[in-house]
Amino acid sequence: MIDPVSVFLMLLSAATPLLFAALGELIVERSGVLNLGVEGMMITGALAGFAAADATGNPLIGFAVAAIAGCAISMIFGVLTQFLLANQVATGLALALFGLGLTALFGKPYEGVKAPSMALGPLRIHWIVWLGLAMVPLIWWFLQRSRAGLILRGIGENHHAAHALGHKVHLYRLAAIGFGGAMAGIGGAYISIATVLQWTEGMTAGAGWIALALVVFSGWRAFGVLAGAWLFGGVTVLQLRLQAAGIAVPVQLLAMAPYLATIIALVVISARRKGSAAPGSLGKIFHATS
Amino acid sequence: MWRLEPRSDAPLIWQFATPVLAVLATMLTGAVLFGLMGYDPFGAIRTIFWDPLFGASAGYSRPQLLVKAGPLILIACGLAVGFRAGIWNIGAEGQFIIGGITGAAVGLAAYPAEGWWIFPAMIVAGAAGGWAWGMIPALLRNWFGASEILVSLMLVYVAEKIAAWMAFGPMRNPEGFGMPGSRNLTQYPSAANPELIAGTGIHWGTIAALIAVVAVWVLISRHLRGLQIRAAGEAPRAARFGGVKPSALVAFCLGLSGALAGLAGLFEAAGPAGQITDGFGVGYGFTAIIVAFLGRLHPVGIVLGGLLMALTYIGGDIAQMMMQLPSATVQVFQGMMLFYLLGFDLLTRYRIRRRPA
Amino acid sequence: MSENAIFRAEGLSKTYPGVKANDNITFSVTEGCIHALLGENGAGKSTLVKTIYGLVRPDEGRMWLGGQAFAPADPHAARAAGVGLVFQHFSLFDAMSVAENIALGLDNPPPRRELAERIATISRDYGLPLNPNRLIADLSAGERQRVEIIRALLGHPRLLIMDEPTSVLTPQEAEILFATLRQLAGAGTSILYISHKLDEIRTHCDRATILRGGRVVDSCNPRDHTARELAAMMVGGEMRDIDRSGRRPGEVLLQVRDLSLAPLSIDGTSLKSLSLDLRAGEVLAIGGVAGNGQEELLSALSGEITSAPGTIALEGQDMSRLGPVARRRAGLLAAPEDRLGHAAVPGFSLVENALLTAAPRQDLAPGGMIRRAAARSFTERVIAEFDVRTPGPDTAASALSGGNLQKFVIGREVLQDPHVLVVNQPTWGVDAGAAAAIRQALLNLAAGGAGVIVISQDLEELLELGDRFCALNEGRLSDPRPTDGLSLDEIGLMLGGAHGMEAAHVAA
């Protein structure tokens, strides 16, 4: 009937786009920046990656291009918020809307095209899934053990103090935003290249927003992001299984499950912590007075 | 080297100039984009921004302007109030959908009875539906501290699924030969929201939008509550010191914007859309966010912003017909406009000076 | 003297839009000496400190450190050249550990274990006990300052700048700090000591450079001058005396009983069973080191936070459950410490800021609709009676200088004819003229029969204004003592003395 190994593999796969996007956003938010445009960066990565994979026949090149594209579009946000000091919430929203529009515009020729197939890695698990899993301890190490990670956290915690000690606030933040864009791009490409195997307009379907919620859920910790991504992967798989099993609940209502689960998770985590784990300067504009 | 120096006051000239600059920059970038895509750049810009008003088929497209601007203005007015208070309702799309469903539900329940009370009851139900949908993030934020940004956005997806379920399930037109979608309310006189003056595109939603514009203007610039809302957005502690209860403000702002979005949804369902379908939400709730910013969160600006956005919608449709320009062009334009606006906004908040070498 | 000068500045100037913050500043610091930089708020001290630390580049002028030309491009360069800085507003990261905070302030921090050892060594040598694994958020103000000092010392500075270090310390804790500084100076580190506290400069500093309006006005040995003389140099003119006459305590207006409150933020302090009585015509002075519950007390009295029923009563009427608006109507008014962002909205005009707190009592918005003309004329009255220097009532609060905005904030409450007014740090960061005007206004208010509570960290201000004095220490309020005959030493003990800090290795 239900083979636990295959269910776990499905869960891993469903969790991967969220894992990438949320790990990227984790770094962004740890630097004190709130980039709400994850959805836009993901969908950009999904299309750019798909197009590159289709053109070269090599999905791995697709993922590399997705990372570059995600990073490139995140720079719009980076320049607006770091150099032109625009409001982060509004700019992030604009990025989400812009990414959706841009990909709808340029994605038309790819509709109905099939993705090139890709060799699986060890244990019949996709290489990108492995990469995502490897990123978790790497990011933990970066944040907790490396010098650059320490400075990044310091900037996110109190940008005025970090500036007074001579650390380059805008530079670190711009780098973090770019990294977040690249990670979101890979996450989006995983959806188009590795799971759905084709391009459709708006195919990320809110995954970027769920990734944002995951960062809150994680308490801004790398392993917390992993736990959250698996939880949501689990909900998604369960929902698909129930749909397939044909239980007596309308399909449309079952499809709400990931979104409702996100809300419930947010409520539970926020009630427990009252938001105190958030970086101290999150979402605030930094402008040196000298 | 250049240096930014914060201004203590936002000069009026820049407040007016930046949206205009943003529109011009968007046109310019758009023209370049079209050129690269192999279209006639000047022609495309003219088709989108000029032809709907003065082109060959302006007679048809001009009324559409109000049809599309109405819901945008109605929703944006509510959003602007919240944005000023630093309360980010980005789920107006969901409130729009739910308002449409609850409003239509009253009409469908009354079918086929006729009566003067049916349409007003639908209006109340639409506003109440949107209000309730907006109160969910408000209460979750007040009780548990959950981010209203993420909750309201998640509820958009939930609302879309509910609309799909309604269209395929409970609300499906029994005389619709199995097609998804509800009865068409425009063919049911007591529940219809018709064009009030032929050839203008004005329907009850337009009137509601006008009332909302005036009411929000009074609220923001003449009422103590508006002052408190602005204070809360700029300096939350000062607002609290001034007597603002943060939780009450959250409920007020999300409730108000939810109710207005719900109203917009009802007028749409009973008028231009005519029915609840699987794709009832067409993005007005998101575009209204752009309208609110483009209008500088001011009711008068919102009217202009709403008309401009409506223009791009109609112009986009014309461009799609005449030039085979993809429909997503409009979305890209709208996103670009917001980017430019946020960028140019720097000029209202900072003075740019050359740093002495 | 200049041959053993460790640091020299010559002709430093820095202009900001509308202000010449530093104007042709020249002075030198001798090796192994504690050199005071004395000046009022706005005299240009912090611009000068930022210049030496590489955060601000001077428009003109040059500096030398240890005989070599010194023009740091950023704090890294300043530290590398041997400058250490202990910030006035701590540049610490609350959610991070002591060790991480210190590592962030070093350019090439050693590995974690070695850093912990070095921290331990320095702590021992200078009597600054500190656990490197604790979170900053859990430390007291004195302990936080120790983190800053150790961070600066780990860079082996030749010149250590201390920016207003004693503003967060009790007099006893300040004594211990000076013992540490003396020890450092003895070992050859020069100290540039920024302050406006005359007494500690006279007792502890070897040399003083006095700044006024961005210029050096004098340079002297502070021990050769009286506090009054130093004050005259700093302010530029004779000090104004304050008129304390005309007050007679009447019946009890405000009664606080057993008030307890959770902290406002993670680094706040809980209030523990506080009680006090305030009489008509009386000024009650509440002193304490920053972060001992002052913010919480003000918020509890203003109504921003409600407390258990029966804990706060105004003229016999229970206020505990009422919000700020209802309390204002009843006559209980407040002016918080933070002018921009708490007492006033920075981007709001003065009229709008007046509406924010004066609407209920002055009837500026009956039924919610704003009476613009009335609001404007009330604002104009505040501006006129409190001599607020502003282009007009429509100017944004953020465009006013600190002193003028503070006069506006106090004036806005005083002119509403309060029965009880609670103020926190009424003259913090305000020039001497404005401070004197504000203090006089508070005394006049009491003389007119109102009750006034002044919460402050400036002990001299409290002694000058208060009839009775209470100490707020770790959220507890001491019994009141009449201010007549109360000495600074006694007050220090009431404030918690040295908070268990040890005076280790003094004069080792």
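Think of it as A, B and C in the order they're written, each chain with its own count starting at 1.
The criterion applied here is as follows: a residue touches a chain if its C-beta (ideal position, glycine included) is under 8 Å from a C-beta of that chain, and two chains touch if they have at least 3 such contacts.
Remember, it's a predicted structure, so these values are computed and weren't measured experimentally.
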In terms of mean CA position, the chain most removed from subunit A is C
Quick note, more Cb pairs in contact for B-C or A-C? It is B-C
Distance between the CA centroids of subunit A and subunit B (whole Å) is 27
Subunit B to subunit C, mean C-alpha position gap in Å, rounds to 47
Per the C-alpha centroid definition, the whole-Å distance linking subunit A and subunit C comes out as 44
Expected list for subunit A, residues touching two or more other chains, is none
Subunit A contacts subunit C in the complex at 147, 150-151, 153-154, 157-158, 160-167, 276, 279-280, 290
Subunit A partner, complex, touching residues on subunit B are 4, 6, 88, 90, 140, 143-147, 149-151, 153-155, 157-158, 161-162, 164-165, 168-169, 286, 289-290, 293, 326-336, 338-339, 342-343, 345-346, 349-350
Residue positions on subunit B within touch of subunit C in the complex are 5, 8-9, 222-225, 227-228, 230-231, 234-235, 237-243, 245, 356
Within their complex, subunit C touches subunit B through residues 17, 59, 302-304, 323-325, 328, 334, 336, 338, 340-348, 352, 355-357, 359-360, 365, 368-370, 395-396, 398-399
So, in the complex, the side of subunit A touching subunit B is made of residues 36, 76, 80, 84-87, 89-91, 93-95, 97-102, 104-105, 108, 201, 205-206, 209-210, 212-213, 216, 250, 252-253, 255-256, 259-260, 262-263, 266-268, 270-271, 274-275, 287
